[in-house]
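Once you've had a glance at the structure underneath, I'll fire off some questions.
To keep things simple, chains are lettered A, B, C and D as they appear, and every chain counts its residues starting from 1.
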Amino acid sequence: MSLNHDIKDGTYLDVLQAPSLLQRLRYTREMSVVLSTPLSDEDQMVQSMNDASPTKWHLAHTTWFFETFILSKFLENYICFDDTFGYCFNSYYDAVGPRHPRPIRGLLTRPSMQEVRSYRAYVDEALELLFQQYDGQGGELPTKASRLIELGIHHEQQHQELLLTDILHLFSLNPLNPVYKKEISINRNKHKKVLDYDWQDCDGGVFEIGHTGDGFCYDHEGPVHKCYIHPFAMANRLVTNKEWIDFINDGGYQNVALWLSDGWNKVQSEQWNAPLYWQQDEDGQWMRMSLHGRHSVVLAEPVSHISYYEAVAFANWAGKRLPTEQEWERAAQHQDISVNTFDLQHLSPQPAQLVSGLTQLFGHTWQWTQSAYAPYPGYAPEQGAVGEYNGKFMCNQYVLRGGSCLTQNGHSRITYRNFFYPEQRWQCTGLRLATNA
Amino acid sequence: MSLNHDIKDGTYLDVLQAPSLLQRLRYTREMSVVLSTPLSDEDQMVQSMNDASPTKWHLAHTTWFFETFILSKFLENYICFDDTFGYCFNSYYDAVGPRHPRPIRGLLTRPSMQEVRSYRAYVDEALELLFQQYDGQGGELPTKASRLIELGIHHEQQHQELLLTDILHLFSLNPLNPVYKKEISINRNKHKKVLDYDWQDCDGGVFEIGHTGDGFCYDHEGPVHKCYIHPFAMANRLVTNKEWIDFINDGGYQNVALWLSDGWNKVQSEQWNAPLYWQQDEDGQWMRMSLHGRHSVVLAEPVSHISYYEAVAFANWAGKRLPTEQEWERAAQHQDISVNTFDLQHLSPQPAQLVSGLTQLFGHTWQWTQSAYAPYPGYAPEQGAVGEYNGKFMCNQYVLRGGSCLTQNGHSRITYRNFFYPEQRWQCTGLRLATNA
Amino acid sequence: MSLNHDIKDGTYLDVLQAPSLLQRLRYTREMSVVLSTPLSDEDQMVQSMNDASPTKWHLAHTTWFFETFILSKFLENYICFDDTFGYCFNSYYDAVGPRHPRPIRGLLTRPSMQEVRSYRAYVDEALELLFQQYDGQGGELPTKASRLIELGIHHEQQHQELLLTDILHLFSLNPLNPVYKKEISINRNKHKKVLDYDWQDCDGGVFEIGHTGDGFCYDHEGPVHKCYIHPFAMANRLVTNKEWIDFINDGGYQNVALWLSDGWNKVQSEQWNAPLYWQQDEDGQWMRMSLHGRHSVVLAEPVSHISYYEAVAFANWAGKRLPTEQEWERAAQHQDISVNTFDLQHLSPQPAQLVSGLTQLFGHTWQWTQSAYAPYPGYAPEQGAVGEYNGKFMCNQYVLRGGSCLTQNGHSRITYRNFFYPEQRWQCTGLRLATNA
Amino acid sequence: MSLNHDIKDGTYLDVLQAPSLLQRLRYTREMSVVLSTPLSDEDQMVQSMNDASPTKWHLAHTTWFFETFILSKFLENYICFDDTFGYCFNSYYDAVGPRHPRPIRGLLTRPSMQEVRSYRAYVDEALELLFQQYDGQGGELPTKASRLIELGIHHEQQHQELLLTDILHLFSLNPLNPVYKKEISINRNKHKKVLDYDWQDCDGGVFEIGHTGDGFCYDHEGPVHKCYIHPFAMANRLVTNKEWIDFINDGGYQNVALWLSDGWNKVQSEQWNAPLYWQQDEDGQWMRMSLHGRHSVVLAEPVSHISYYEAVAFANWAGKRLPTEQEWERAAQHQDISVNTFDLQHLSPQPAQLVSGLTQLFGHTWQWTQSAYAPYPGYAPEQGAVGEYNGKFMCNQYVLRGGSCLTQNGHSRITYRNFFYPEQRWQCTGLRLATNA
């Protein structure tokens, strides 16, 4: 059975059927290749800004992660594919050694795409061997190894989302407006009805926040801890493009009173007047660049590619506010949440279903919260190099919750904490409003 | 009675004797002049970096604040001293109108120092008239006016501290190492014994955070609200210069594992290897520039002029952490706290008294907390231009608690929230350690 | 006889009467003080950009020049006024030692203005002693000393011009539009008739270029050398403001075809649309800031405060070109040239007299030539630190010829070579057109 | 006969055999492809700095040049290959229309390498048609067309050199030290004897400078004009790596007295301590990156990849100077000059032959002159867009003469003027010393 075939057919791994670790590993490794398939070697080579990385680099770095943290430690007699790759494809793990500077990842024309493909095959084979090594001994992988493989899977899923957002950024600067995958139509939602606003009231009190249970989570999702939450109400759906155009037309980008001071500086220095990738036609119509190429903005869809600053300004304009991450987690806890539906046929946030209750929690856009990214009470990073995964970034960034249309199925959780700098816009980021009770 | 005389004699207003609003207004207005007295017109003219302002600008801006928000609104027939001053001396109140750009405040050689002195006298006289206007009518100032005067007093006190830190920054770049006030000796604490560490245990639970009662507070100190705090322990005193030198000598500034990612970038791009104003002599002795000129670092004194990044790295090195602002407020609540003792004869943090219990809460250095500066639950900025005072800065900054040797007596409180960017070091900033229970 | 009195009365030293070296030294030293008199200590303290220096710094640096290069070498037992001043007031003489960085000259609030005044008096007295030392011995100053004093005089005259242009730059950024000297009216030339263009034909051939004779010149004005010049014609007068407005109205600043590539980049990055200090009123009238404050542009006056890039673009627009410096020198050689007339009552370029022949060679604006600043054949810098005066700047700059309304009487010459970077505009710079024969 | 085959065999077009315009056109077009052959699509995609361009862009831009300036004008019914390419591949011709910004040429992953190859084939075929169109009519190409084709050939030859220097820059930043073409050895000159210095004396007088005759030249090589040159002497050969190491070891990069002021600023801000691409091994040996990969510096070879600033500092250190471009041209005029020998087997400057007379004029490194790039007397740019080829760059750059090991055979001439900014080092630039007679 070729996973590749399944993925290409749009039949994605059913996360509810609890596939084995090995199955999920194979699936994830193959998914990266599937995502890179519509791209030429040239597309995969280029880095369009410091924040982004080339596709090739994502493909190699995720492989390096398995090689460095798992194979080198747990597979007997494992020989590194190439000693220079450690320098080339380390992202930010200082404990592992020096590395190629991030802003010039796009200069690594060598090793070639072909060598990276060989690297992936070599490591994939070794990972199979690792499973066999323990199978053969009638035993199981050591817990530490399986936990690190689990981390490697989730790590690669994160890079799969970055791969897509980075390619979109690159294509957005190309005068030919390239389309990521030609087979997809985009305008089908043009006249879709928008779900009415409904406010989900939540009581105040002391609640438990953070991850529990045996399933995988990142270190920063715990420890589970008590937290006092004040009564609040949460919007049932995301803010739409239509509402964002109202904000623009009402002078939102010109009204200093709506903005955080740092946000206003950014608006002026960068001359922001709309979400990233939006441009106005000569006849005033808003167009946007997406993985589907350049097309008109679909009014009923959730707005995406906005910064924290814009999210806050919009909330002020609407007389509401952003939720805290605790409020988001609490509101989500007892709701019927939509299932995350990553699908290579979509790759765009979709209008909300006309249902009751909280909707669009996952699968459309990441949702800015007003919470600065900080350690939970009692948080301690993991020991060793993987301890650099999250903890050292707990400054100047803001938490986003949920997940986007570019997030792999099964990757996110109700306790999942994504984080970016408040000025960053190249991720698939949107917002959901909240208000005091 | 000349307040000026009192201040110069070192007899500071006794804040416990509850002086009247008018007394405190007069005292505060005179204090600004007293603080500028040791400085030449040239010293008062210059701006040494974007973050700092010239003394002259502080003197004029605090006056403009009273003119704009109080006299123009509440004093009948008040005529502005000079219509151009609004443009020159507005700091960041967008609702009031356009303003002279912050980075070139130091180019305002006109209006002259002499005109600014006249401006102060004119406004002071008008403020007296305002009190008389209501006194004559047998009545009192409208609450709104007295609240704004109270705000103006606290506003001017903040600028008094800035005036001193800004002058120190200017002097630190002068090859002649100027002394702010010649009469003061500095080395008296050279061999002082250091108070032993003692850890104040605090129980967890739901506590009320934020300001209560009738006294003045800034809008962001409220509303008072419930908060869940986990058990923790707080150090009884601030971190000393001696301990900081141990951190340096142990390679603290070279050990990436101790640092937040953004902090490490700063360490490298700015080549930080010690607190701001520290330099090593040829014989390896650490010297520092302070308002007393250049002198050797006094080991028993609290470390000052460190960034949030350095505070976090030090805490990691020490195996502790920074307290949250809620923990700080909770720990301070039921302690015998030292009284703030601003004194023109000191102007430097002092070694801790050999006492039991929490000490050095005020009057030495501002204390970085791990809390990002954010609105309290239910917070809403004040209406009108003064609503820009705090709210729009609630992003990318960190809360400091306590108060420093440069903070005016009676200015700070247990609920007081100061805030600066994590890379800023020119304020009198230090740290107190905390740890999980 | 008080020179100060004479200067203030507008009776300037008659350079044709060949005053003695000592007379000219005294006059020049006093002139600096006279020029600073209309300025407050605050005005004299501030540096408005990296290219400019504070008046105080000019006053001290020119004094340091005499102390370092003359008194320390030739006056027996001379004791430096203050050992720290060498560091503070060295401009760019690497051979003399380290120095305070240029961009922060404006932070030197100490030494104070008063100390600088004492410094000047101390050095002036020592210079008198130096003359007496040799007079008493019935002899004369050693040639080397008198040549260096001559250099010191011309050096100080250069700084007198800089002092005025630097103050204008500072005042141009002040919202109050300060006037340098109140007593002067400006609009008297409003309706003056403009001299018709006349083109002075010059034959080609081999000519001698460079300084000859015993009079003072800078090292880079020699050695005198042969040069082949092609036939050309030179405009009899400078380009006027009226002509510049025609250039603006014809889209000169929007027409890329007129500009050097580097110039066009500057036009776009700096958004140039007029000479420095020009601004358009609401009703479209062009105003400019000058030492007389803000006033309307006088059409008949020569244009000033333009960059080399703008001069070239204008010449292209006019179908002409800039002269080379050799052409300028050749054209000036056998003409009846106007005498330089520095006068504190003017300080502005004046409309051309209605005379025949080449006019406005000196006393109005420096004239950009198309010649890159380079050594003459056989040029060698002087030995020692004063060799750094000119030679090390022979790169990336362009030669200007003539002199301006801010140039001291007797300072410039037909062989005089001024030089600035092609993007610099804060000097009193204009242009004269030339064309091939 | 396949030109490609010839080129690959190292049998390069014999420029002395005066092949026809069409032959040279075909040869030049094929040469670009040959030069790109050792490179992967990834290598050809990437831009390593603003000054450099991707190989793909060079291949497309040179094609666009023929399409825009020749085919569109002279070939009947010519249809542009793709209307979007004009925007993508215009370099700096403002008269032709807007263009893709230079710093992001490396983001053009579309059009693909394959499409650019098709573009080249399409245009090559059309060029053949153009020749046939006139041949068929029994006539010849209009003079204007043949002159523009000649320009297109020289234009493409320039880009062939840039292609190689740009690839070297890219590879120099790759941790794997890629080799451009594997078949080439490098160290064969390790112990080669260095030609003794000999100084060629040249009389002074009036000489003609600039291009004469019917052969092709760029517009800025004329008009031919008289020039007075002073007696001088020229070194017979280029400065070697051995001599450069002596300069380094004598503290050349630390001795401010040797440097132009702007050069010294660059030394400090960029921390230059050797030519570009040089690095010192742990054992102190100098290594350099070249198209042959990383290898030890060959002492007898001419130094390359130095800036104008370094050339001037070296000349000062040696007690000599750089020649002017007129001196260079005059010295070269009556010498037996070596023939340019571009050869894909070399690609590195070679030690001087042990011959008498001036040597190494072409074929090793471009030679910095002390002449600022400026128009010759009487110069006027060509009419139309191609007039932007040279004239608008006549500012802030310096002239280099001769040619390098990367310059195509027959491309350069004695009157040839190359030009770069004084801080640029990525071209194959060296120096020859001169001195006053």
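Assume a contact is a pair of C-beta atoms (placed from the backbone, for glycine too) under 8 Å apart; a residue touches a chain by one contact, two chains touch by 3 or more.
Note that this is a predicted model, so its numbers are computed, not measured.
Common neighbours of subunit B and subunit C: there are none. Rounded to whole angstrom units, the spacing between the C-alpha centres of subunit A and subunit B is 40. Rounded to whole angstrom, the centroid-to-centroid distance between subunit B and subunit D, based on C-alpha atoms, equals 60 Å. Inter-chain centre distance (subunit A to subunit D, centres taken as mean C-alpha positions): 47 Å.
In subunit B, there is no position where the chain touches two or more neighbouring chains simultaneously. Chain-to-chain contact here is organised cyclically: the chains close a single ring, every chain touching exactly two others. Every pair of chains meeting the touch criterion is listed here: A-B, A-D, B-C, C-D. Residues 40-43, 45-46, 48, 56, 84, 87-88, 100, 104, 106-113, 170, 173-176, 178 of subunit B are the ones touching subunit C in the complex.
Every residue of subunit D that touches subunit C in the complex is listed here, in rising order: 92, 94-95, 206, 225-228, 230, 256-257, 259-264, 308-309, 312, 370-372, 374-375, 377-378, 392-396, 422, 436.
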